[in-house]
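Per-chain residue numbering starts at 1, and chain names A, B, C, D, E, F, G and H are given in the order in which the chains are listed.
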Amino acid sequence: MKQEIVIAGFGGQGVLSMGMTLAYGGMVENKDVSWMPSYGPEMRGGTANCTVILNDEKISSPIINSFDTAIILNQPSMAKFESKVKPGGQIIYESNNILTPPTRSDITILDIPANKEAVKLNIKRVMNMIILGTYLGLNPVLKIESILKALTKVLPGRHHHLIPINQQALERGMELATQPTIM
Amino acid sequence: MSKSIQSVQCEHLDKMDIVWDRPDTLIDVPMHYCPGCGHSVVHRLIMEVVQELNIQDITIGVAPVGCSVFSYNYMDVDMQEAAHGRATAVATGIKRVLPDKIIYSYQGDGDLAAIGTAETIHTINRGENIVMIFVNNGIYGMTGGQMAPTTLKGSVTSTTPTGRDLSIHGHPLNIAEMIAILPGAYYVTRQAVNSAKTVRKTKKALLRGFKNQIDGKGGVSFIEVVSNCPSGWKMTPLQSNKWLDDNMLGTYPLGDIKVPEKIA
Amino acid sequence: MAKLHGHVTINIENCKGCELCTDACPQNSLNMSKNINKKGYHYAILVEENCTGCTNCALVCPEAVMTVYRENKNRIIKPAPMASIDSKNISVSIS
Amino acid sequence: MKKRVSEKILMKGNEAIAEAAIRAGVKAYFGYPITPQSELLEYMSAQLNSRGGVFLQAESEVAAINMVYGAAGCGERVMTSTSSPGFSLMQEGISYIASAELPCLLVNVQRGGPGLGTIQPAQSDYFQAVKGGGHGDYNLIVLAPNSVQEMANFTYLGFDLADQYRTPVLILADGALGQMMEPVVFPDYDIVKNKVDHSSWATRGKKDGKQHVITTLHIEPEKMEIINNHLQEKYRDICDKEIRFEATKTDDAEILLIAYGLSSRIAHHALELARDEGLKVGLFRPITLYPFPYRQIRALTKKVDSILTVEMNAGQMVEDVRLAVGEKVPVHFYGRTGGVIPQPEEILEKIRAISIAPQMEKIF
Amino acid sequence: MKKRVSEKILMKGNEAIAEAAIRAGVKAYFGYPITPQSELLEYMSAQLNSRGGVFLQAESEVAAINMVYGAAGCGERVMTSTSSPGFSLMQEGISYIASAELPCLLVNVQRGGPGLGTIQPAQSDYFQAVKGGGHGDYNLIVLAPNSVQEMANFTYLGFDLADQYRTPVLILADGALGQMMEPVVFPDYDIVKNKVDHSSWATRGKKDGKQHVITTLHIEPEKMEIINNHLQEKYRDICDKEIRFEATKTDDAEILLIAYGLSSRIAHHALELARDEGLKVGLFRPITLYPFPYRQIRALTKKVDSILTVEMNAGQMVEDVRLAVGEKVPVHFYGRTGGVIPQPEEILEKIRAISIAPQMEKIF
Amino acid sequence: MSKSIQSVQCEHLDKMDIVWDRPDTLIDVPMHYCPGCGHSVVHRLIMEVVQELNIQDITIGVAPVGCSVFSYNYMDVDMQEAAHGRATAVATGIKRVLPDKIIYSYQGDGDLAAIGTAETIHTINRGENIVMIFVNNGIYGMTGGQMAPTTLKGSVTSTTPTGRDLSIHGHPLNIAEMIAILPGAYYVTRQAVNSAKTVRKTKKALLRGFKNQIDGKGGVSFIEVVSNCPSGWKMTPLQSNKWLDDNMLGTYPLGDIKVPEKIA
Amino acid sequence: MAKLHGHVTINIENCKGCELCTDACPQNSLNMSKNINKKGYHYAILVEENCTGCTNCALVCPEAVMTVYRENKNRIIKPAPMASIDSKNISVSIS
Amino acid sequence: MKQEIVIAGFGGQGVLSMGMTLAYGGMVENKDVSWMPSYGPEMRGGTANCTVILNDEKISSPIINSFDTAIILNQPSMAKFESKVKPGGQIIYESNNILTPPTRSDITILDIPANKEAVKLNIKRVMNMIILGTYLGLNPVLKIESILKALTKVLPGRHHHLIPINQQALERGMELATQPTIM
């Protein structure tokens, strides 16, 4: 099975590390993976994104232009990626940051109040893990243990004590996946 | 420009004077800079000076490679975008064929004081009658925060992860003091843009520099502006402006370094 | 010297929420909005009526989004052409 | 030096080169920041000084390449890395290094040009890399990885070839290979076994009364010609022994894709799509761009009906392909420029067109 | 400006370029000393300031080429000159100039490389000149004079082509052409008629409210690709219209010599010697190295039995000849390197050998 | 070396001491320099110092592009010939991988102060522990006498046929004074070789520079030697040495510019 | 101080006739030969017996063709190793 | 008719200007001419030389390796060029400067005491014109008027008053050509 995901938002929203966690999780489960960031001069206010491919076989091209899933964390990214989701694919987005929701009808669309939920968990920074949880809830391509193992790689040592709270966030996200606002 | 509604309304705006407004010479588009970045302020000040001196139509600017690489999108004068480090060579080329035009170069510390060192020194040594604007933020902002020649001792950057070690990376480079000894340097000053007060002074320095050129004074007007880089320094804009005060200015003290007819 | 009465308007859509103006205002007339603009920034707003039109906020604002007004005491400091230059002779007279 | 086990890790291509170079015993790295290769420099800045080498951020690419000259002249393993505009600035220094026969590793993580261009991936420095962007008759060994794993592997290989032939070796990558993360395993590498002893020529202080000199000046043309003849002989030797390539599904192929580096990954994807449609497509990937696999490509012209070269430029390697192919089969080209990455679907489209009308393209 | 009559004078090639440039209205010359082109710089230093232009000795070739960028960006006729190592240092700047489409004249009076090499004549910067020594997809128009008279003529032509196509033009000469004296007559040149008005794009102060910007940065790859497409279109246009060459005794030729610049003079001598022996030899001389006369050479393959390319390098233009010829006739090569000039007798020897056994050479 | 018969014979040479002889470290071949050229003297002095300090086997020199490009034919230590202007970058590369070796660079004024300006400044600013020898003859000797950055005002060269005009070509560059303000410059001195007296002093300065390096003193020992170029100046050697005294030393005064622990 | 008696020998084949030595000699002991050497230069020769062995000529000679002798007053100034350096520890002792 | 001449000696002996005068003279008579100097870094004590070709037709290659005439003004040049004179060609050399005369027997060899003669004429600098005169005496390829006209081009204006003495030197050289020491 092959999963092609794009994750997009503001620079500070943990977009790149969410992608890396996913990729590392795939590697833990012996999938071939690739992670490709948008890169460039630091221009805050612009968008950052990364694409992740998880594949049971060898990945040929790491460069992809359409996606099974788009995880969208701000409005400019919605404008950029809505049209690039494959028919039958899905968009997961953070409610607070999106003023104009997507309008496509040939894909699944999920609206997750991850920021609010993160505030509830008392750590704003786990917003991205909530969304990732939702993604995994909807697409059980990786085990949560693999993601937790991935976090030990992605998080610097001094942040390893945060893994439990990240786990909580992932689990909350998976819960939300079962009760999404599907349009 | 659409001015949005304010929380505090003012009933009699029409009876008041506009005492400050965005200069027309600053193109009315959002800038790409990070929030709080000093480049934007310097751009605006240059354009205020160009407007006040009424030289918009005879001014040609030279943009560097660095965060200000796009500055021609904001400064509404003819501009050339130079290769990394070569802004003053480009400015020399322009001034030599169009000596009646007003030429300025705009560079960051990596551009002017690292890769462009030779061009910097020799443009000044030739005494080209131009304004050189040098935005010293102690870091390579554009490429993601690597050490610049002007990075302070001990500062952590993405190429000095344990802080700048003088014995490995050498010393913060006081290039303004160094070039001030050249006869071709007509006016050398170091200013900042981290407060209203310093902004006012920088504007005055820029005005003086451009007037020097207009008056045909022989030599470069070199205006260093110590500036922040909130992103590269990994600080909020407010923190960065304070850090600038507390740390940068020790190594790069503000004030005139060389004024016509006397070396300070 | 009695302080003059002033006012500022802000192009909030271009504000990047850097907070430099609020810090620079000697009157504490400015604050950051709880709302965000289209770019996602909490923008600056005038919250007090004690603005003196000192222009500090405008001077430090990187985005040049301020317009500052001040009671007329018969002088105008708007940055209009203060000097005129005869572009042919490159001589300048400051007015 | 930290002992590291050979586990699989997720890494950027830029970092993989840096890590491999450290494992290969690089003694000095000199470089200057430029997107999209800065992570290589940054990795070195964080690691090299504590792992047996010296990291130095130079004041420019010109300084960096000449620092490499100096350190390589001492017989040490040294390297630099940059991206396109920086590589242009290094051309004089590279010509000197090639002329003085100094072993070292160069890395160009290409971006879109010409000029300042973009920072997006490109392959438009192919000519500069293989025909010599500097003055005079010289060549670099040019290795073109197409995965993060190869970024690591070719770093080892590059140092070894550099040592063996006393020649600069270039890893020609691109922004995507530099920036993307893939799993990578660092093979064991025996520095002691692989490092060639250069003390017979390197400047390390007069040894046994013999003065060593590194120079590229031979003011008598006849002497300079001897140097050139020696270099040309070395290049012929390299062409005989060091050609590397990869052929995929070429056995039954009617249409042969030729692509290197990132393009070869995309071309491979296109191949999969085409095979799905029943089109008999093969892929030939030059791994060494110099020495170029002319003979190997020519051999394949006996089997295939036509060739489609895919590059991230306006058509550069395709000239070498044409030199190899002569007039045996038609050679087509598909390229995107300025940092735009060709899509597999675009290539597929081109393959379909060729499969319908495989006529010769107008070349000149 | 002094009025000069068009009398025949004896002049060095370097000086002839300088004098012609001044007559063509060059507004600025920026350069740095290097043998064997320094006379060009020196002539400019003595004459240009009093004849309507500006001479400036730059601190380096890097500075010089970027001064050219600045002055050319103002729409003025400007130029620089150098020799091989200096030309390598200019590669970044040249890539910028090509990308920004700035008209200007560049001169490379080649010497033997690689590295510091010798100061004797060579042609080993052919690849650098025609395939792009800098990064990215770009080309220069490359003119190859073979006499002092042509050094002058091509200077006029170079400025005109540069203006017409908004592109840098390179005169690729060598040390011998630069240093030797031959009679030269400077044709009349009407600056006013020939100078193109660049005020629609040049930076000369905002005109009519329109801001002019010279830049090579187009951070969106899609925009950079548009620039590249435009450049490629221009190059195709140039290839269509601007190919120049000279064919001597090709009508009945069985063996075709192909050589440019100084080599073509020597090859011509060899041709005379060979004809004296009854060998039917012709000579084809590319005058524009870019655009290269592929079609014209290919057309000749219908007549001749074999081709001998002569260069003062290890074999560079011969690749373009092979691209042109394909597999029509055997292509042979004779070259000397490092500043050694091939002798007519050596070429004759080679011609004799080919006339006896005109078999295909092993290429790869 | 075959000593030829002299007009004045000495009967009792065997009873005398040799008080001066060609150092063994200077390779016994004729040099290619023009008659009277100061480069030869500087070469010899360096080799005398290397011999006296007994560091021949651990010294690595870097030759420039300029008339001294062949200096490895004369100085019997391991040497690298650098690209024009890059001698100190090359020296940095060497010193960084072989920090225990004694490294010196040797450059002319075109090499060090024109094309190599950036490398010069940054090598010094990094405080590389090396000796930089700078032979300032105010001209490009090698290429036939073009203007150098250090050419005096009014001097005729092949690119300033009517004399160096400051308003066109800029000022003679006092690079030693300029770099002396950098913390990485440990010892900066300007000497000459146009008389026995100045030669003696230059030797002392070189000795001091090499000793600084041996002692591991942090920073560059920068030794400028004002020298002649009879061919480029179009003078006899004697005239050139006098002209040097009368003209060069006004712009380039001799003496220590910066000595450890104090700035002169 | 009474002047010591000295002497110089000259490798005339390597002399380039620059005349710097003759000018530098305080004793006027040197002169240029009327003859030329194989390279075509008029070479320097010792013409007076009043040489003091002061070494001035040798110091200024670009070609280092001089050897200077001086009467022995129990001291030797030959530029032999004056300092010895332990190449491993890079420490120097001046003797 | 084609004449291929090499002139070689020390830098200061007027080697290059002798060649230029000859070439200019050829041009005056509407011949095709070329003049090619040895060039390079100034290394006094080395040799300087130039080759001159005079041709009634168009010159093909300006690069030649063997000569009809070699004019030799110092010993190192003799070593370099003696072997490069074509059989039947000639060497003209300055007596004073040559310690080891040429030994070939298949060419004409002339030994001219041009230095001494120049001293007699009171201007040392015309030594090269004496030799040139000898060359023209022996090889009447150009008229003396053409050489004099050439001198007005080659000599800077401030030296034009020296043309008469140059003429004298040329004529003296031609005389010597009629009474040479032919070996």
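Keep in mind that, in the parts below, a residue touches a chain if its C-beta (ideal position, glycine included) is under 8 Å from a C-beta of that chain, and two chains touch if they have at least 3 such contacts.
Values in this document were obtained by computation on a predicted structure and should not be read as measured data.
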item: Reaching subunit H from subunit B through chains that touch each other, fewest steps; value: 2
item: A-D compared against F-G, more contacting pairs; value: F-G
item: Centre distance in Å when subunit D and subunit H are each reduced to the mean of their C-alpha atoms; value: 55
item: Euclidean distance of C-alpha centroids - subunit B vs subunit C, Å; value: 21
item: Length of the line joining the C-alpha centres of subunit D and subunit E, rounded to whole Å; value: 29
item: Where subunit H touches two or more other chains at once, by residue number; value: 40-41, 44-45
item: Residues of subunit B engaged with two or more neighbouring chains; value: 30, 33-35, 57-58, 69, 81, 83, 114-115, 117-118, 121-122, 142-144, 149, 169
item: Junction residues of subunit C, two or more chains touched; value: 16, 39, 41, 87
item: For the subunit B and subunit C complex, residues of the former touching the latter; value: 1-4, 6-8, 10, 13, 15-23, 26, 30-31, 33-41, 44, 48, 51-55, 57-58, 100, 102, 193-196, 199-200, 211, 214-216, 230, 236-238, 241
item: Residue ranges of subunit D in contact with subunit F within the complex; value: 27-28, 30, 54, 56, 58-60, 62-64, 66-74, 76, 78, 92-93, 96, 203-207, 211-217
item: In the complex with subunit G, residue positions of subunit H that touch it; value: 10, 44-45, 74-75, 97, 99
item: Residues on subunit E engaged by subunit H in the complex (per definition of touch); value: 8-10, 35-36, 119, 175-176, 179-183, 262, 265-266, 268-269, 271-272, 341, 343-344
item: In the complex with subunit E, residue positions of subunit D that touch it; value: 62, 84-85, 87-89, 91-92, 95-96, 98-100, 110, 112-120, 122, 124-125, 127-128, 131-138, 215-229, 231-232, 239, 294-295, 298, 313-316, 319, 322-324, 326-327, 336-341, 363-364
